[in-house]
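Okay, got some structures for you below.
Look for subunit A in each of the two complexes below; its partner is subunit B in the first and subunit C in the second.
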Partner chain A sequence: MAKKNLADSLPAPKSRRMVELALTLIAVALCPASMWLIDSEAIAEGETTWLLATAVLGGGALLIHIVLHLRARYADPFILPCVVALNALGLAMIYRIDLTTSANAGASQIIWTGVAMVAAAAVIFFLKDHKVLRKITYISLAASLVLLLLPLLPFIGLELNGARIWISVAGRTFQPGEIAKITLAIFFAGYLSIHRDLIMLAGKKVGPVRLPRFKDLAPMFVAWLASIGVLVFQRDLGSAILFFGLFMAMLYLATESRTWVALGLIFVAAGGVLAYNFISHVNYRIYAWIHAFDPEIYNQAYGGSGQIIQGLFGLAAGGLFGKGWGNGRPDLVAFSNSDMIITALGEELGLVGLAAILMLFLLVITRGLRAALGTRDSFGKLLAGGLSAVMVLQLFVVIGGVTRLIPLTGLTTPFMSAGGSSLLANWVIVAILLAISHTARAPHVVEMYDDQQDSIDYSGSENDGATSVISRISSTSAGGENE
Partner chain B sequence: MNKAIRNVWVVSACVFILLLGSLSYIQFFDAKSLSANAWNSRSMYESYGAQRGSIVVDGREIASSVPSDDGYDYQRIYSSPEAYANLTGYFSSIYGTTGLESAMNEELAGTSDRQFYDRLAQMFTGGSSQGATVELTIDSQLQELAYNLLAGHKGSIVALNPKTGEVLAMASTPSYDPNALASHNNESVLAQYQALTEDSDNPLYNRAIAGNTYSPGSTFKIIDAVAALESGKYNKDSVIDNPQEYRLPGTNTTLPNYVNGQCATRTEATIEWALAQSCNTPFAQIAMDIGEDKLTEVAQNFGYGDSSLSIPLAVSESVFPADMAESELAQAAIGQFDVRTTPLQVAMTSAAIANDGKQMKPNLIRSVKSHNLNSLYEFSSEELRQSTSKQVAQQVKDWMVNDVDNGIASGAAVGGVKVAGKTGTAELGTSGLNNAWFTGFAPADDPQIALAVVYEGVDTAEGAQLAAPAAQQIFEAVLNK
Partner chain C sequence: MASEITVTLLRFAFLALLWSFVFLILAASRRDLGVGKNFRATRAAAAPSSQPESRAAGQQTPPPPARPTQLVITDGAQAGSVLRLGDQPITLGRASDIEVSLQDDYASGRHARLFPQGSRWFLEDLGSTNGTFVGGTRLTRATPIEPGTDFRVGRTTMQLRA
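Moving on, here comes the complex of A and B:
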């Protein structure tokens, strides 16, 4: 009862949907504003791409806003505007690159933005309670495996630029691996929320370190093998880093154990050494990374460092404040509208612009982790935490790659790079985060706990009750200081 | 679990800080050097938007930009491309710039600091921006003659005005067509560039200043002669032993005299006679006598060891080795061993002798004018260093005149004019082939031109047919003007 009194004594949480609406409108406006800066002459002469892009982005944003209002009133109000802003900048840059290269990705990016936002709205609409996802834990595992294997199948599998991560259906290409990020996160969250106590508490204790049992180690080994598989068969270093990183992050979230992180890092190191020595394209990538400025490597037609160095030149040309929309030369960088879009943005918007973009991402991730903190069930915490972590990892691989912090691997920048699969997957991630953030901030969840709903959903873990009481108190008070 | 979530946030924030740091390094701290990278074609593309200035010789454009309708605003074209390729360099969308296209890039592109006000004015008047015109000191007649004289051989000719340092001709063969690299057809540029870089004759080298550098051979005896006089141990009447072989100290190897002159006819010689017949053994003895330090000092006074010379093309450093054994010093004295030089350095040596010991700074640029004819730069002669005293220079000049009048450099003689000269035959290993040199100046009493000629990889007889006669033709072309 004391808990109830505590909740009652706090001010009633506000939905903040109007804040979201206002910020989202500003974010949508970035799209026509940027496009006008890029090519005001063409727009004055009746070019209508900007209108279509703004209508789709604005319509989609409004749709999501309305669905949130109806079905998830207490969802985090800052996630949607940040993501819309990123999507708007991405659309503008892709439109801009279309103008000066033979690329023609603008129209399809607008369509995919619409599709992805409708999909996100649908996810929010039907996913009233994210805990239903827990019921598809093993279905998600199966789906992940299918998604990862699809590109390897004959006929529909497609190899582009040395990586076999695409499928081609009816002339359209798709990267199933992007969707696998989500299904894997659902599987890990479901699996770990059930087994975390065992993993945490079983095993011999040697000094301060609790050694895991071999049995509990198995899933990690499987995840590791799967990542190596991606590396060997799909030749995609970026995705391999992403999948294993996701697993590691979620394992840490579940166990809070540094031992597991240390073990994971040992696995990564072992995998790295193996890959470096036995997988030629990994060896290539790393060599080209270290010797990027070697003329031989630079001029190498395949697997050379020409792309990354041209990217660096683009970033350098941008400097602090950038050349301004439409004034740079992103056409000099290969894949400037997909894997290398950060360099195009850096060239035209400068360090200041990229810093702003990074801040938008950090806000989304912070709010995602905030949702993880606030939600009561361990499945929701793991899922929100994992999905936020995967975004951090992806940004690290992409931006670290183009700035030569780590070897360059082909990954998309969420919400910005040209590519339907990436947009769709990331918008669905946002939808799930929004749904979880709703349960985290909604005031009526207190009653749901009292209704003993837990005993149905939490059958797997006895001591979850205590954890959720603590997390509920912390989250209600945390929610309080925010309002 | 909440503690772990907070920790994940902290790690995420650290990752973002790391990424921001990395971006700051690339976009701010390292931006300047990345933008200056030769592979970075951005500045060059920027200049495609503006009309790049021309490079002009004797009022004729040897490199210019003309409007283009292939997606670029302008196309760079070179006229008489091969004769001037080593000077102009190329302006390629893939491979960046070389030669004067690179050295004078800011002026040609209109981005130099001195063109700031022009750019500002253009911003307000709305005119399209244009680069400056760079006029060279090159004499087109001499340049084309020099190139034609070298045609079919590997080699280089450099001609200077000894009194001012103006570069009158600077040819290097084999050459190439920079138009092929300035093309906007990337595939053909790639193929051309690959062919040029794979060519073992290295046509992209400007041998006059920056090839693999050469052994100066007997042309180095000019410096020996200066050193002998400066040491005070020798004068014009000194008589030196002239054995047909000189046993290198501390070895069983002998240094032979030059076989094609009259060295074998005398057992003793004055410096004048030894220089005229290019006898090796007297100079080896002089070097032993005056020592490495003195020889090094004189070599440096003539420009050896100077790595900072820019005309404004960067000039490779000529090297006189240090810490030599006596046997090595004896060989270095006749321009062998590890003595390395550029044809420009050899020409500058003659030029200093011609100009009473005063060495002028070589320079290719006559003027730089902005497109509205504001002068951004005007040539003025600049003294580089006093290489030796007027008296010593006068004595060596007389000896060099004697080389042409009575010695083995007679191939360079021009009727009615006193010509000073020195030949050289630098051996290339044991192949029997040599690099054939001639250096000198004319007229001796009022020098208008000092030059160096080198033909690579010819036998001794062919070298004698090529180097000195080539110099003669260039002298005649200058003196008959």
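Moving on, here comes the complex of A and C:
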């Protein structure tokens, strides 16, 4: 009977939360499985790190699942399992690197995973409708600028490994630039969704190309200056690429205009030439990248290419199927648990394993773009597209860097690298994508939502208006139509 | 402790687990790939069997079965979209916090309202700048809309379907 009714009507969208739960359980299981493969003897002797990691990851995943069930029932069911799997593999690799090196990042990474997942759950809980973010368009611009400037301040700013992108508060370090990714995406989405038409249509047309007005160019100029500022004052090429790339991607998403992309590339080229000629560390980075195999560069203590070349050797040693968990030599690579975690994974899981990891990233990103396609408001589209673009760009910069496709810059691999700020920021990005995908997949009529109190209330004031209108109709339209 | 063969087997088993996880997700997401398929709502499954008397007695007339149940956008930026109608009034316009949020710069924020009355939907202009048109005439008062009749809000043309 019920089945027949369903068949008669349009197919109802399913929430598919149970699919999500099942896939998430498999993803969580990857964590103890990897840790057991890394060191089964220690586990047999009562080592409990694996238990803690699994409990935190599983508990966090369950919390997010429950919050999704309560507050965003139609959210995309595939984002959470993919991200949990990536986080699980990251935790396992950091644990593994702790065993053979002096690094001690495992415990804090587990804590940050818990914090980040609780933060993601909180964002989903309070962000029932992503359109409220539109109201903070200019607040988030201000927040981005503050976050970018914080590391340059004298007392809390901190310079580590040549880049001034950290702040240090009460002995803990944090990278505010990671949070700035999110606030900048919100600002660009809010700004472009309002000014889109103007940017698209205003300006002189010369042949097939519509030249933009200078007024509309200004924000692009500001974004460019900000990126160059990051490059000069914080000496962080990766973040500079990320911020400008984010702006270009969102501008293209908003306007579909190749002219703007071409203009952006000219800006990038100009910035690149300026940086190469006038900023010594950029110049040196590129020199070390091209001449990476020179013994002189390789053996250089600071800023040499030893790290990246050892990473490449690691990838080569891993081959197709990898050395297996715990059998590689990530201890030979500097920063193998943060910047170079991809080569450590490639060494132990091989090309096959690394390809699976990239597939998981690809799935998260396609689901993000799918949410952008499905949601109806242009702000949500731009925000989901922009956040997905941030993830793509960051992956490209990191993996391109460690495989020597582009000069290596210190960005983290989302969800995997050791580092609390990166984990937190990326989990919040996932939470926002989940919230947007809920509006994309949910049935549209508002009455269908669980609690009507949050949506527009029709039962109260609007009712008199309607009845008065109806009384007017019943007197005037009696003869007007045939039934 | 484990022998060489077990270690190798476990190594490949882990890679197999990783890839089967990827393929499970791909298989599960396969049917979700169509764009715009979810552009509809679901009262339909519950509506015919539910007891209208139990809800909000007196506020809304119980829905007779013959009333059109779909709003179809036939022309404009969102052409082809289908919206399933329930038994509540819906507002059309450019604002983002209403039921039918149009991507149409010629529509006012809260442009028009569709509300159910008996077996019909009535369309009412909410004081929009560019007006609401049914078959070429500008609405001055709430008007019943028959299924299949085009009406226009801004530059978006829509019709009701049974």
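Convention: the second predicted complex is superposed on the first by the 434 of 483 C-alpha atoms of A that agree within 3 Å, B and C clash if a C-alpha of one lies under 4 Å from a C-alpha of the other, contacts with A are read in each partner's own complex, and residues count from 1 in each chain.
Assume a residue touches a chain if its C-beta (ideal position, glycine included) is under 8 Å from a C-beta of that chain, and two chains touch if they have at least 3 such contacts.
Nothing here was measured: the structure is a model prediction, and the numbers come from that model.
Touch criterion met: A:Leu354 reaches subunit B, while subunit C stays clear of it. Residue contacts after overlaying the shared chain place A:Leu373 against subunit B and subunit C alike. Touched residues of subunit A were counted for both subunit B and subunit C, and C has more of them.
Look at A:Ile26: by the touch rule set out above, it reaches subunit C but stays clear of subunit B. Legend: residue contacts after superposition of the two complexes on their common chain; A:Phe78 is shown touching subunit C, with no touch to subunit B. In the superposition on chain A, A:Ser40 contacts subunit C only, with no contact to subunit B. Look at A:Gly346: by the touch rule set out above, it reaches subunit B but stays clear of subunit C. In the superposition on chain A, A:Leu242 contacts neither subunit B nor subunit C. In the three-chain superposition model, subunit A touches both subunit B and subunit C at residues 350, 373, 378, 470.
Those residues of subunit A that touch subunit C in the complex are listed here as 2, 5-6, 8-10, 12-13, 16, 19, 23, 26-27, 30, 33-34, 37, 40-41, 77-78, 81-82, 85, 129, 131, 134, 197, 321-322, 324-325, 349-350, 352-353, 356-357, 359-360, 363, 367, 370, 373-374, 376-379, 440-448, 456, 458-459, 462-463, 466, 469-470, 472-473, 476-477, 480-481, 483.
Every residue of subunit A that touches subunit B in the complex is listed here, in rising order: 249, 252-256, 298, 309, 312-320, 329, 332, 346, 350-351, 354-355, 358, 361-362, 365-366, 369, 372-373, 378, 381-382, 385, 388-389, 392, 395-396, 399-400, 403-405, 467, 470-471, 474. Every residue of subunit C that touches subunit A in the complex is listed here, in rising order: 1-2, 7-8, 10-12, 14-15, 17-19, 21-22, 24-26, 28-29, 32-33, 35-36, 38-45, 48-49, 56, 59, 78, 82-86, 88-91, 96-101, 103, 105, 115, 117, 119, 122, 124, 141-144, 146.
Across the complex, subunit B meets subunit A through its residues 1-9, 11-13, 15-16, 18-20, 22-28, 30-32, 34-35, 37, 39-42, 45.
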